[in-house]
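A short write-up of the structure that comes next.
Letters are used for the chains, namely A, B, C and D, taken in the order the chains are written, and counting of residues starts over at 1 for each.
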Amino acid sequence: MPMKAVALNASLKPAGQSQKSSTRRMIELVLAGFEEHGVEGEIVHLSGLDIKPGVTSDEGDGDAWPDIRRKILTADILLLGTPIWLGQPSSICKRVLERMDAFLGETDDEGRMVSYGRVAAVAIVGNEDGAHHVSAELYQALNDVGFSLAPNAVAYWVGEAMNATDFIELEPVPDKVTNTVSMLVRNTLHLARLLRDNAYPGEK
Amino acid sequence: MPMKAVALNASLKPAGQSQKSSTRRMIELVLAGFEEHGVEGEIVHLSGLDIKPGVTSDEGDGDAWPDIRRKILTADILLLGTPIWLGQPSSICKRVLERMDAFLGETDDEGRMVSYGRVAAVAIVGNEDGAHHVSAELYQALNDVGFSLAPNAVAYWVGEAMNATDFIELEPVPDKVTNTVSMLVRNTLHLARLLRDNAYPGEK
Amino acid sequence: MPMKAVALNASLKPAGQSQKSSTRRMIELVLAGFEEHGVEGEIVHLSGLDIKPGVTSDEGDGDAWPDIRRKILTADILLLGTPIWLGQPSSICKRVLERMDAFLGETDDEGRMVSYGRVAAVAIVGNEDGAHHVSAELYQALNDVGFSLAPNAVAYWVGEAMNATDFIELEPVPDKVTNTVSMLVRNTLHLARLLRDNAYPGEK
Amino acid sequence: MPMKAVALNASLKPAGQSQKSSTRRMIELVLAGFEEHGVEGEIVHLSGLDIKPGVTSDEGDGDAWPDIRRKILTADILLLGTPIWLGQPSSICKRVLERMDAFLGETDDEGRMVSYGRVAAVAIVGNEDGAHHVSAELYQALNDVGFSLAPNAVAYWVGEAMNATDFIELEPVPDKVTNTVSMLVRNTLHLARLLRDNAYPGEK
C-alpha cells in the first residue's frame, strides 16, 4: 500500500482563487517531493468549507469537519499549510487545530489517541516575518493531539521585514526553499514509514 | 460624554448558550468594574456571526465585520475575551484580529491608524494553562494594529494542570481574579481618559 | 526636567564588540529619535555583566542587576533591544525580564508596582524571521511587570527567510525602518509624557 | 548497549539547592520512568555552570558548553527541563537552546545535523500557567536544531491561576502527572529505539 499525505490549506482565499494562494504553492512543492517517493498526496482547500466552531469531532448538521477528519486519519502524513497574518497562523488554521482537540479524548483501550502513528509537517508563507512562531504554535498543538515530528518539519518562506512580496510571485523558487522542502520530505517520510510498521506501545 | 467599552466574546459557544460561557462571565466582571466608573459597556457575542475570512474592512455581501468594526471604533476601550484551546486563543478570536489587520492601511494624512487613541485589554479563561501565551499573542496583534496597553491589561483564570473545572462553575469568584479585574479596570480606564483628551501626534 | 530613556542591549556580543552589534545599531536609531525631542538616552550593554540568575531584586555579592534596576527606575522610558536566535529573544534578554519579575511584589500601599508610570518599547533585529514573536514575548512580560505600551512599540528588521545579512551591514537604513523608528518615538514619548504628569490611580 | 538519556535542569536555583528544585523533581519522575525500561539517565544541573553567551559550539576558555554538548550527543534522548517565569522558559533554558543553534551548521556530507537521530522531550513546572507556551518554544527550537518529537513529549505541572504552590510541595504526585510521565516515557523511548536502528537518510 502506498503512503498517503493529506495537506490542509488554511489560506484565507476562497477555493476559486486557490491558484493564487502562496500557501498552496508551498504545499504543492512539498507534495511534489513526496510524490517522487511514491507518496499519494491530496490537498483540501479549507476556506469556504463550513467547519463549525466547537471541540467535538462532529458539530452536527452541515459540519464539514467529519470528512476532513476522515482524510486525516486515512493518511500517514498530515501537512498543515497556513499563511501568516500579524505574525500568527490564520484563523482557519486555528479552527482545524481546535477541531483536532477532540483527539485528546479519542483513545483506544491502551490510552493511545486515534491520531497516533501519524507524522505532521507544516508549510508556512507570509510577506514578512512570523514563520518560526507559527511553526512553534503548530508543533505544540499537533504534538498535543498525537502527531510525531521529524527534524526540520517546516517548509517556509517570508520576505524582508515590512515588505509585501508574495511567495507566489517569486521566480524561480529560492534554492533555500527547495533544499528545505527536500529535507522535510526525506525526514518526514522516513519517520512515517517507521511508525507505520511500528506502532507506539500502549499502557500495559 | 461617557466613556464606552465594547467587549468581543470569542467563545466557541453559540449565542444561545452564551449564559454558559466562562469567557462571558469574565467579560461581565470587567464590564461591571468599568460601569462603576460610569463607562457604558456592550458585549458582542461573535460565534454565530458571519465574520468572513479576509483582511479588508469589508469582505462583501453578508459580512458581519463592518458592524463590529464600527462598534470598536465608536468605543474608547476594546475588551477582547477568548477561551483557551490547546493553550492558544480561539479561532474566532484569531478571526477578529485578522480583520483588524486592515487598520494597518487605514491611516490619516499624518500616518495615524484609525484605531489610534483606543486602549485594549483582554479577558482569558480556560480549564488549564495558556493565559500568559494568549495575552502575549493578543497584546502583540492589538499593539500592531494601533491599540495602547495599560499595565496588567489581562483578567484571567485557568485551573490546575490537566484539570477540567470551568470558570463559570467557580463560586465565589476567587479573590485573586477580583483584584486583577479591579486593577485592569483602574489602569485601562486611566489610560483611556488620558488618550481621549490627548491624541497621539502624527508625522509633522 | 528632561525625559530619560534607558536602553538595554541584550546582544550576545561582548561589550568590546558592541560596535558590531546590529541590535546596538537599531537601539541607536531609536535613541537618536528620542534625542531630537530632548530625551536623554543611555545604553547599557548587558553581555559581560554578571546579572545573576534569580527572581529577587538583589541576588547578592557581585550581582550587576541592582545598578541596572536603578537605571530602569530612574528613566521614563525603557527600550529593550534583543537579537533573534531560533526565532526567539536572546538568553540575556530573558535574564533581565526574569529579574524584573521581582517588580510584581514591589508595590506601594495602593497596590501599584514600582515600575508603574513607565513606558516600554522594543528594538529587535535578526538575520531572518522572528520579530513579531519576540515582540509578543516582550510585550507580555513587560506589561506583566508594570510597563505601559504605546501603539507600534517595536522597531525591527529581519531579512528574507534563511538569509544571513546582518542589519549592521545594510546601507542605507531601509526607509521602512526609519519610518517605524519615527512612529515608535512619537507614540512612546507622547505616552511617557502623559504618564509622568498623570500617575495611575491606586486602590482606593 | 543500553539507551541513554541526558536531562538538563534549567532551574534558576544554584546546584547546592537542587534538592529544592521543582524542575528537578519532574525530571526525576521522567528519568525513573526511563530507568524502568533500562535507560541510563543523567542530570546536568545548569545553574552555576559557566555556559558562555554565543552561538558556536565552543566559546573558548572556561566555557562549560563543550562538555554538556558532548553529553547531549552521546545520549539517545534529551530531556530539557525548565521552570516557568512570566509564562516563559528560564534564561538558562534559552542559553542552552542558543548554544544548540550551532548544530545548524554542523552537518555531515549528506546534510544531516550532528544531532539527527536523537529524540527530545521536555519537563516543565511552574506555580501557575505557561506550560503549553514553554513546550511550543522548546519544540520549535529543538526541532529546528535536529531533534525528533514523539507525541505528547511534555511532562508538566502548574497550579491554578495566580497561585503560589510549588510542585515540589505536592504530596502525592497528582495522578494526571504520573500518567503523563508514563505516556512521555513510552512514546519517546519507542521513537528513540526506532531511530537508533534506522538513521534518517541524507541527500542523495
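The rule is simple: a residue touches a chain if its C-beta (ideal position, glycine included) is under 8 Å from a C-beta of that chain, and two chains touch if they have at least 3 such contacts.
Small disclaimer: the values here were computed from a predicted structure and weren't measured.
**Q** Spell out the chains that contact chain A while also contacting chain B.
**A** Touching chain A as well as chain B, we find C, D.
**Q** Would you kindly say which chain has the C-alpha centre located farthest from the C-alpha centre of chain B?
**A** That would be chain D.
**Q** How many angstrom lie between the CA centroids of chain A and chain D, rounded to a whole number?
**A** The mean C-alpha positions of chain A and chain D differ by 26 Å.
**Q** Would you kindly tell me how far, in whole Å, the mean C-alpha position of chain D lies from that of chain B?
**A** The mean C-alpha positions of chain B and chain D differ by 36 Å.
**Q** How many angstrom lie between the centres of chain C and chain D, each centre taken as the mean Cα position?
**A** 29
**Q** Going by the contact rule already set, what residues in chain D reach two or more other chains?
**A** 86-88, 132-133, 136-137, 140, 144
**Q** For the complex, which residues does chain D have touching chain A?
**A** Interface residues on chain D, with respect to chain A: 111, 113, 115-116, 132-133, 135-137, 139-140, 143-144, 146-154, 179, 182-183, 186-187, 190-191, 194-195, 198, 200-203.
**Q** Which part of chain C faces chain D closely enough to touch in the complex?
**A** 12, 47, 53-55, 85-92, 94-95, 97-98, 101, 137, 140-141, 144-145
**Q** Looking at the complex, which residues from chain C come into contact with chain A?
**A** Interface residues on the chain C side: 86-88, 128-133, 136, 156-163, 174, 176-177, 180.
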